[in-house]
């Protein structure tokens, strides 16, 4: 599969991998993420997690726009199991820790945590399926990408 | 417990109850809810569900601002289990169907579906806990409110 | 131009017109609209205004999806001049008042206010241009629509 | 005025100043920022700009939470004049360029551009006023901060 064009494939400079299989993305909490209860609004943790999955993919050399234009495939979220443990607040410096829990032929189960230093604020299992975008039907993860992801585990 | 002030307690005129225990809130999909994939962005279903829980509470005579000012209690989301079945799109007229799955002393487990006519697009179980806002500790749902909610089942 | 399909063209039942040329859309403020300062986050007034423009168009019989599929035209925002006068808060029942300030061959200048009862919270002039979506170039507002809009003034 | 606590004052590592008075913040466009038209939703440019103003302030040593806790002052947006020139898209690597246009006793007029390489996509003048948060009345920008900001011009 073709790599994404240079600008689009440049990974977030702030992201990192501290152990094999663990991808870290820093997130700063801004006013837009918070609500009148003084904490990060519950739906916004899912935005942080999606950014992390996108950057994880980008770091491996894949862009979602390129996947669509090339193979005609896309990743869509099928399910989310999330637990809210402690609240994040304005100005917090968070880290989204992303791991692949299970890699299947046509899906990836991610385990994603949102941490503030050594505190676990939020944890989720997110099942993402590969689909043929035009047919809107399940499709296998492209073979080269699947092999590459397997080697990362 | 004191009811919320008039303006704040006026329930959404478009909401309704079609069966005992089932609360319906219509939702129109606008550009702000969609993403470049042409569908409602996955985190936004949680916003629709929160609006429905708030309107369900308001219809029963309770406002979250009043709970905080009065009893000093608040409802916070503890967990979400969600399945994404079919995509919603721009201009769709959706309905959030909300039911109480389990009412406990200090928590409510909601079952919420997002439907488009007779199609089920999204379904979730959302566990909401009552807390003493100032102490940030679990608290019992105020007795009068708990009795009222029990009578609704 | 063809009207939008029935479901998509059903206007928001809560919207209304209290004077010729004035379109009203009620908006309830939810947690998702607020921030840690306890008020509606400044960018969110633009979301309220976009919903109102969409419902104004829908009430006149036009859906943006249908415009794109039919004429291949779309409306895009070219400029916003906005003043923030008073803050809106959680649970507020607001009204977006929308008027057409100026209708031109290829653009519409809207005047939109966000009110809470008789208080003016926010006011904006929003210039929206009609474009040929595929060419991404200016296009005249479709003649039948333009004539219809002129008759509304 | 007291500096913000360490973690909260750590500026975004990706931000920079390329010329005196010009503050740059990189922004990556994610799915959450886009809409079904395939571009960044118009209100979201205001979110990018607010992040840039916050990081500009943080780089100078000031946190908004600390201002509130210390001096009891806050910055609120009074007006926005924005022009939308070219659309940003999913995966774009943008830069928000922030300059102080005018520094007054109780307000700051920012000039903020959103660029993609050498293309200007969006430009805005944002007037931000300092207020006494508890009295919700205008207040002078704290003297030490004002002097510091003047020296940056």
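As written, the chains take the letters A, B, C and D, and residue 1 is the first residue of each chain.
Going forward, a residue touches a chain if its C-beta (ideal position, glycine included) is under 8 Å from a C-beta of that chain, and two chains touch if they have at least 3 such contacts.
Since we're looking at a predicted model, the values are computed, not measured.
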Item to check | Both-way neighbours, i.e. chains that touch chain D and touch chain C | outcome: A, B
Checklist entry - Centre to centre, by mean C-alpha position, how many angstrom separate chain A and chain C? => result 34
Checklist entry - Can you give the whole-Å distance between the Cα centres of chain B and chain C? => result 27
Item to check | Shared-contact residues (touching 2 or more other chains) in chain B | outcome: 31-32, 37, 43, 47, 50, 90
Checklist entry - What graph shape do the protein chains here make by touch: line, ring, star, complete or other? => result complete
Checklist outcome for this item: chain B residues touching chain D in their complex are 31-32, 34-39, 41, 43, 89-90
Item to check | chain B residues touching chain A - in the complex, by the definition given at the top | outcome: 37, 42-44, 46-47, 50, 74, 76-84, 87
Checklist outcome for this item: chain A residues touching chain D in their complex are 4, 7-8, 10, 12-14, 28, 30-32, 47, 50-51, 54, 63-65, 90-93, 117
